[in-house]
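Here come two complexes built around chain A, the first alongside chain B, the second alongside chain C.
For the complex of A and B:
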């Protein structure tokens, strides 16, 4: 790979990361606030208490601001697929096409149709039909997320497809294997539960601000009660889905797991790092201690990864250089197999031109046999298969620590509100308020773990990112990077300003 | 209900619709048209040509 190719790949990745991160600032509230609104409206319909209607309408206004400013920001990612990632886009076109088409036809139309009904139908529809619209907005937006996450999960665990050497496309052979792969299900559940937590923190935090200002106190208490219960349940659920996700990663992406834990040398009965500071001078092959300091929970990583406290968890060194005792192949073998696979594709192409059916069939059989390591062909040295360990490790551990902090905040805010003591707990109200940005941070870090952790792959084991880019000038990608930076910063600033104004105005009497 | 809803938009509602239209205009009529062509559609006429190009790229190490 030349310096120019490396710069193009880096800028293309930076641009994709920038747009995905900004897009994800808007998505969590759409996914989670919609359910909180649906719950508060259900209480209104059940009790007939107008206070709950006022409360629902207020959160619905903030939902509307977020939705309006965030809507279609994800389409920019699709623009980038066609321009910056054209090779990747061609290869995965059939896989992405189906889930995204389902998303467009069902989920998006369901969501967008009922959003209008939800906003305009308050005094024109029956209470129950309006409530149904609100629930359908919640389910529709989450259903949209499902299909997009199915596509993302496939890149991490390509299943239900077969590579066609005539078209150079991965073609779907089982829609359900793609849609219901354990990777997709865990990713979806883990991602939406993180969005629910962000939304619950948002509602608890904004309500805490009212409490601190001694404004709209009854409204704020009701909101805290609903959001903190929603937050506790989401936090407990995210522990389960996080465990499911980590289990899948251990089976299918052991390098990502090793990076998440800073595990260089695998062993039986591996502990989980509860806290650690990485040794910055550590190299993959040396024998230096990977940590300057650490607190480890014995055997927990083995238990969580393989449901066996004494199981062997491979480290980075094992995955790069191999470990004969535990049957782990060195990456060099995979590189060799990848090269055989690429040669088979070449032979298939030449045999097709020559009209030699027998040679085509032989080449095709070899391609199919070795295709699972196809992407390794493009690496010059084995260390290239290691992601950025520092970034993945700290992102993972900060995310987990924040997740547990949020659970404690939700329990405390619920308890003190329930006991009518929340007004006197100014410190807790301040912590809850300042947890709003922390919620976004934790959620973004989750994506950093998922996406940086799977580097260098665009499609796991099949296509490295540097083979997925288009032939563009670095300057062109830099230009659009800064255009997006300006556009999204304006949108985000507009959202924050409008939200703050609406929050300061408070719920309408 | 839809027509009535749009007729009686609040100031906030109008502001949000203005933001949505400006954003969509920038995205589809400036960014997409001038900065984000579909490279393979632009450079090749048929799907066969596109496939051949990708295979060439995959074979090239």
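For the complex of A and C:
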């Protein structure tokens, strides 16, 4: 890999990360708030109580402001696969394009059509049709999340596919394997439950602010009640889906799991790090202690990863240099096999041009046998297969800790609101208010774990990121990166200011 | 059903779908055209609010159609997606920047604390209207005039000019389609105002805009059509070899008479609607012209992709040119996606139903006052 390739890859990644992070500031609220609105509007339609209508309309206004900017950042993500990851778009377009198209046809139209009905149809349509529209917006936005996460899951665990040497790309052989892969299902459920938590925290936090200011108290209590129940259920659900996701990672991406836990040397009955500070001078090959200090829960990582408390969990060192005892191959072997695979593809192409069928068949057989390590061919040394451990480890642990904190907040706010004591618990209201940014932080960190943890791969074992970019100059990508940065930051500033203003104005009487 | 079809039939079926989506997108660009009229049709802030609230109930539909157009192109012809988006980088980025600022402008424009002020968001809407129409028009024109890319034996592409797509703007044919599209959508945008708003002044000014924009559109469209029908085109022989053929696109029309009929009916409908609108003030002329726009765009996509033609030709390396046969997804993916496409009529039906439900009451002072969600 040349310096120029490296710079282009870094800037292309930076631009994609920037867009994705900004996008994810807005999407969680869209996913969760849409359901909270649908629930409160359902109560309104059932009871006919105008308070619930007022409440629904208020959250809908905030939803609208947030939705617009989510859409603005979303379109860029879709097109960036083409603009900045052109090679990727060809090599996996046969599989990756399908979920994006399905997302457009099934989900986006549902969302965009009924969002107009939801906003502008209050007095033009029957109550029931309007309610149906609000539910369809919630359903549509969550459905779109499903399809894009199917696409993302496939990058982590490329299933239902076969490499076609004639077209030099991976082609789909089973749609259902792609759409319903256990990786995709877990990723979808885990991601949407995190979005629901962000939304519930937002509603509880904003309502707590009203309580602290001693205004719109009935409105605020009603909102807290709905959102805290939604939050408790989502928090319990995220523990289950988090366990499911980690189990999948352990099976399919052991390096990501090792990085999440800062596990350098694998062992049987591995404990889970509940708290730890990494040793910054630790190198992969040396024997220094990876932690300066840590609190470990014995055997839990083995249990969670392999459903067996004594199972062997491979560490970074094992995965890089191999571990004969546990049958783990050194990465060097994979690199060698990858090079054989790439050479076989080249030979196949040459034989095809020459019309040599025998040579084509031989090359094809070799390609098929070695293809599972195809992407390793592009590495110069084995340490390149290790992601940024510090970033992944801390992101993972802070995310988990925050997740448990949110569960406690939801239980307490629900309990004290239910018991009509929430007004007196000023400390809890303050904590709830300040948890809003923490919710966003936790959710973003989840994506850092998922995306930085799978580096250096664009497609696990098949395509490293530096082989996936477009053929562009570094300067071009740098220019668009800074343009996006400035524009998104301005728009985010505008969005936050509008939201604060709307919240200060409160629900319309 | 689909899995037993020939690969070439699926490729043709998907080119038809892409063409339909492209035609629907151009029809819906009346939103963008309308956005460029904010400062001409409206003279006061209140009038501008009328226009923006009228367009604001439709912008997401255009936006979603663009996204779906991109997604469907990716799924069915990924080599186009990889080649064009990664290659004509600056053109696509400029289009995208326009859509980013559009998406927030409706919602943010009149909200307190919006940081940039009302005027800025109105300028954003203008920018989107201008960039999207001119650049999308120029980009579609490159289906006929070609682009500067080459593709290697592994189907990986690179752009051959450092301008990365901006060079397309130097071609008169591309530019004339871009400008034609800009004025066409301004015309349909003005027609949409006439159709949706109860306001005498806005009606009159829109009617005037229909006339002038329609006239300028016509001039540039004739230049484009003249160049298209007299130029050489990118033909493909039975072995997949690309070569230049005189009057290729004229020949395509003549060899596919049904497409020619679509084109001619489309042109007549556009002009008939234009006349009825500016001369008689008929509000439903919007639908007549829109149907015409749909048919014309559909026929242009058909002559770009069918009848042994390269739909995304390269003038720097002729044999790198893309056809619907060498740029498509696999048989399996196309057949799976074909099942998905069966839901499209259902989607169109519910969009039409929602559109009608919301269109029952026209935009007026009373309507906006009674609505809790105003842009």
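Everything that follows uses one rule, which is that the second predicted complex is superposed on the first by the 508 of 509 C-alpha atoms of A that agree within 3 Å, B and C clash if a C-alpha of one lies under 4 Å from a C-alpha of the other, contacts with A are read in each partner's own complex, and residues count from 1 in each chain.
Following the convention adopted for this analysis, a residue touches a chain if its C-beta (ideal position, glycine included) is under 8 Å from a C-beta of that chain, and two chains touch if they have at least 3 such contacts.
Everything numeric in this text was worked out from a predicted model, so none of it was measured.
When both complexes are overlaid on chain A, chain B and chain C end up clashing with each other. Touching more residues of chain A than its counterpart among chain B and chain C is C. Residue contacts after overlaying the shared chain place A:83 against chain B and chain C alike. After overlaying the two complexes on the shared chain, residue contacts for A:116 are found with chain B and with chain C alike.
Contacts of A:377 after superposition: chain B is touched, whereas chain C is not reached. Using the contact criterion defined above for the overlaid structures, shared-chain residue A:339 touches chain B, although it does not reach chain C.
When both complexes are overlaid on chain A, the residue A:95 reaches chain C alone and has no touch with chain B. In the superposition on chain A, contact of A:75 is made with both chain B and chain C. Contacts of A:494 after superposition on the shared chain: both chain B and chain C are touched.
Of the two partner chains placed by superposition, only chain C is touched by A:172; chain B is not.
Residues 61, 64-65, 68-69, 71-72, 75-76, 79, 82-83, 86-87, 89-90, 116-117, 119-121, 124-125, 167-169, 349, 470-472, 476, 480, 483, 487, 491, 494, 498, 502 of chain A lie at the contact with chain B in one complex and at the contact with chain C in the other. For chain A in complex with chain C, the touching residues are 57, 60-61, 64-65, 67-69, 71-76, 78-79, 81-87, 89-90, 93-98, 100-106, 108-117, 119-125, 129, 133, 164, 167-169, 171-173, 175, 349, 470-473, 476, 480, 483, 487, 490-491, 493-495, 497-498, 500-502, 505, 508.
Those residues of chain A lying in contact with chain B across their complex are 61, 64-65, 68-69, 71-72, 75-76, 79-80, 82-83, 86-87, 89-91, 116-117, 119-121, 124-125, 165-169, 339, 342, 345-346, 349, 377-378, 467, 470-472, 476, 479-480, 483, 487, 491, 494, 498, 502.
By the touch criterion stated above, chain C contacts chain A in their complex at residues 57-58, 60-61, 63-64, 66-68, 70-72, 74-76, 78-79, 81-87, 89-90, 92-93, 96-97, 99-104, 106-108, 111-116, 153-159, 162, 164, 329-330, 332-333, 336-337, 340-341, 343-344, 347, 350-351, 354, 357-358, 360-361, 370-373.
Those residues of chain B lying in contact with chain A across their complex are 1-2, 4-6, 12-13, 15-17, 19-20, 23-24, 26-27, 31-32, 35-41, 47, 50-51, 54-55, 57-59, 61.
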